[in-house]
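Consider the two complexes below, in which chain A is the common component and chain B and chain C are the respective partners.
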Partner chain A sequence: MTTKQATPPEASYRQPFYKRVLGVTELGVFAAVAVFFVAFTLADKSMANPANLARMALQGSFLGLAAFAMSFLMIAGEIDLSSGGTAGLSAAVAGVLMMNFGWPEWASCTAALAAAVLVGLLNAFITLKVHMPSFFATLGTSFLVSGLAIWILKGAWFYVADQIPALLKVLNPSPLFALPWIFIALLMAYLVGDFLMRTSRLGPTLMAVGGNRRAAEIVGINVPLVKTLCFVFVSVCCGLAGILVMAYSGTTDASIGDGWLLWVIAIAIIGGGSLQGGTGSIIGAFFGTVLIQIIRMGLLNANVQTNAQGIVIGVILIVAASLDVLRRKSIQY
Partner chain B sequence: MTDVVTNKRIEAGAADRQPLLEAKGISKAFGHVQALDNVDFELYPAEVVALIGDNGAGKSTLVKILSGIYRKDSGQIYFEGQPVELRGPKDAERLAGISTVYQDLALVDVRDVGSNIFLNMESTRWGIFINFRRLYADARRVIDLLKIDMPSVRVNVGELSGGQRQGVAISRALARGRRIFIMDEPTAALGVEQQHKVNELIANLKREGKTVLVISHNLEHVFTVADRLIVLRRGKRVGTRLKSQTTKEEIVGLITAAVKGDVPD
Partner chain C sequence: MELTYNERDKVPGSRRLASSVRSILGRQETGIILLCVILTAFFYSRNPAMLAPTTVVSILRTMAFPALIGMGMVQLMIAGEIDLSTGAMMSLGAVFAAKLIRDAGIPIPAAVACSLGAAILVGLTNAFFTVKVGVPAVITTIGTMFIVRGISYSFTNGLPIYPLPAEVGIIGTWRPLGFSFTFFLALGVMIVVQILLIWTRWGSALFATGGNKLAAQVCGINTDRVKTICFVVTSLLAGMAGMLTMSQLPLTPGDPIIGKNLELHILVGVIIGGVSFYGGRGSAVGAFVGVFFIQLVRSGLVIGRFDSFLQTPALGFLLLLAAIFDVLRHRRDEG
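Moving on, here comes the complex of A and B:
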């Protein structure tokens, strides 16, 4: 087979160097993690203190778990605004079953995760069968599940710390730099998830579903099934995160997931995700979680007023997102 | 009610070959509008056929029936002489090897050429990990077969020109073993140079023994690529001409009814 002169042989083809560097989705967030960590450590030595790092790892794991699942869903072109509500609902279900009905720990948590699965199926049903954009569908279920959590708890809150010995173990430090077990597990999940996205058929499938739905359909991918699995995965991870927050705080109340939503989406986007779907990075969301955690902890240590933290984080987010837009443009023809 | 004239002309061009795909007496109505009225249709191996006609002549209805999107009211479709029932696009692909390349091409812009061609049929190691080396080598082979200008099969499809994108969409269908390629207005959104690329692409498909059905308004383009022209007018097949035996004037006349068709209106 002879090819035309205009076509250079495959082996000699290489992207220019700057494109290969700028083409790394996680470049920006990784650089930001490094810059902010160094800056905050220079400002206050306690930042790099091992005890401080372990505490950050523990506190960041809950959002990190939700953001992990959310980045898959966003690559598949959908979004779940009910993540915080689902976390609250799971915690409420687990708490009520343990305290009011005397269920054992494992049964209560299983039931709580089952409730989360139902939320995911409901999100998928409204989005895929009623054909409503997931932005609106999950906005609705967000109110619904938050309301359910409040209704289940009847405005009360429970002290559950004595009932959950197994869950508390997950939060204990591991032998590895005293980082908590939950963080180690989450890091493994991120690494495996990212690896599978790059090497298995998971990546092409999710990116096709989110990048061009018609293309996915033409080649025979079951688009509704893929999206449904992603919705359920997000809900289960959020439900699990809610249960873990309950274990961490020792109490159940309906407001466990309040304010999660914006953090989770911010993390996924900082990590390289896109609201249009099709692109994103799993490991990028990990760095996004780390970045958010560093900034929150750094501002706290630097004695920035709690009232002013939102302003600082907002500015950082906008600057980070703008730089990423520039990066993407610079590598396009 | 196949008319003598039409048959003679087909036989002149297609010798004694059996049609790859044949449709007989296809009718389709939308409410009171008879979009297709007892239309016969046939495609032979390794030929390029242009389906032409004015807006509302029934071109897209016929194509959508062949690609399984619409159900016909009556008539029968045969693939290699065997009757087939096309209940959906998947049937058209699997039972009749028909692949439709739509105007929007339906490519994943954020993935590279190789990944698009073999999307959802990637060969894997241990059933899990994609064998990328093999995938790119296979992709290169398909691209070279069609002589598509492509610096690398690792370039994202979003960075390609219109002609190259057509090439990727065709390669994707070719890799799936399709034998009939329906191209809907393939040159509509392309510049002159890119149109040439698409013409070459069609010629290369034919050389590989594939059948191409082009739906086009562009008579210039049709006369460049097609072997045979089928003219529809108001739901009827009014003429079939070999390119070598007709003129643009005659075809325009058939489209606009200035020339009397082979069947009564």
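Moving on, here comes the complex of A and C:
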């Protein structure tokens, strides 16, 4: 068995310029964003008008928030398939507390986020203490959680738009190009997250945990703690996204997060994340979100019916996952 | 405690009896059957209709569809893979056949054959991305689940396809001994699969592939082919179950909602029946009993006058419980 030798980091600087540019993980997704945007704009002029762009920014922010957190978790080598269920559960908890129990807005939203924290802790517990692969652990919790949401709402839906003045403000357009506040906040989060991953200890820590767990333990990283924090972070972000979708649509519905897990995982992988952990890019996930939102909006404008959109989601997911596998094979040496 | 054959002969008769009783009690199937009895008694105490002949027959008729697919799933999971696209495949199987019969005027047997052909294609797609490309089976089959159900909905614009000729309902309305044809089909397939697993080279190849892939390859087993066959068989059975569902529904519509959420039922049932997430472990009888158990819970919740919205969380909870149990058992076996 030959020992694997890591390429020293300097090697990338010795390569010619064009190779260094091509080696940037985010380049592919950035190119895809450009190609799809131009293609959809040529097909339908309304794609590029400012009002449409602002609407896309608003609608994309919900998934973007979930994908933001998911890319951290995937770098740490785990995955969360319960994202959509958690979003639905949070919205259900917030809606029921507001409408049936008369709780104020802030209290019900806090309770909803607390429920999301519990889901994250449950995921972490099953994955880290019981040692079940997170694929299966979170698949189980996703059914449990979305079932709970249905049970809480008893199949009903609540009209909550009058109860949530503060949440609605988050969705209002800001002075900056009339982009919604939530999008500005999300963009800042992405930039800060990416900056921290590149400059602080956060990046090496997460990559060590996801890339080589044993090595991470040897250098003194508390692996279970890091992973637990990542799981909880994902659940909280998904819960928050669920509450925001509730605010956007004005109604509470247990099916708010249906199909999210596909989008979120596809975004994270498209953005340079890996199902194996250890690598990934935060800003890449942002471009992934933009790409997915362009595709979704393009399908909507082209009048592709909702049910048939599943075909596109599925294809994107499988293609993205295959690309991830091929990318990993190509860098093995 | 494992005894070799020779040592076993020296053990006195009474202790041999005790050990065989223990080994029967130690089997997961026995535990599940006991649980079934307890649950039945519990639901019966809430509503005596639980043991009425109509209820029992209807439970057995309904469990036949997931059980039939479960017989493919058990082989697939023993080989170490998983398929979440089965419910969607049921829907496509029914809708595709219905579409061909009604709109293309193709005779029923030919339409059934085409539909099964589509099922084989789906199975091959699953196998290609999982086995050849190397995408985890969970991701691949969640992807195909969305694609296949999307295709099925776009075929029909979300509406059931009917009317179909009355001949479509012949098999579905046939009630041998008061049960349904599908129930006996599932039972027959279970016996065949159990025999395959225990006594044939195919069974050994499955357990070897899922238990220790490298060792299996060293022994000359083409693990890729084994997994591919399992994927195709599972999809094929799902397509078949979809058409049988259509045949059993009143008015025999090709409804795209067929098989909705059934993949969860199958998965939980098979795992409760002793099949492992990790591959290399499981039995057809166990899977059959596990699927029956899930149907018992689902029907019992309705008959016992529980909140019907409890069904999905109950299934999710059972899945987690069974999976945790599976992990603990796996760790014990690994030592």
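Here, the second predicted complex is superposed on the first by the 285 of 333 C-alpha atoms of A that agree within 3 Å, B and C clash if a C-alpha of one lies under 4 Å from a C-alpha of the other, contacts with A are read in each partner's own complex, and residues count from 1 in each chain.
The rule is short, and it goes like this: a residue touches a chain if its C-beta (ideal position, glycine included) is under 8 Å from a C-beta of that chain, and two chains touch if they have at least 3 such contacts.
Please read all numbers here as calculations on a predicted model, not as lab measurements.
By the touch criterion defined above, A:315 reaches chain C but does not reach chain B.
Of the two partner chains, neither chain B nor chain C is touched by A:173. Between chain B and chain C, more residues of chain A are touched by C.
When the two structures are aligned on the shared chain, A:204 is found in touch with chain B, with no touch to chain C. Note for the complex: chain C touches chain A at residues 129, 133-136, 138-140, 142-151, 153-154, 157-158, 256, 264, 277, 307, 309-317, 319-320, 323-324, 327-328, 331. Within the complex formed with chain A, the chain B residues making contact are 89-90, 102, 104, 106-111, 115-116, 119-122, 124, 128-130, 136, 140-141, 144-145, 147, 149-154, 158-159, 172, 176. Interface of chain A with chain C (complex): residues 81, 126, 130-133, 135-137, 139-148, 150-151, 154-155, 259, 261-262, 265, 275, 305, 307-315, 317-318, 321-322, 324-326, 329.
Those residues of chain A lying in contact with chain B across their complex are 1, 3-4, 6-8, 10, 13, 199-201, 204-205, 207-208, 211-212, 214-221, 278-279, 332-333.
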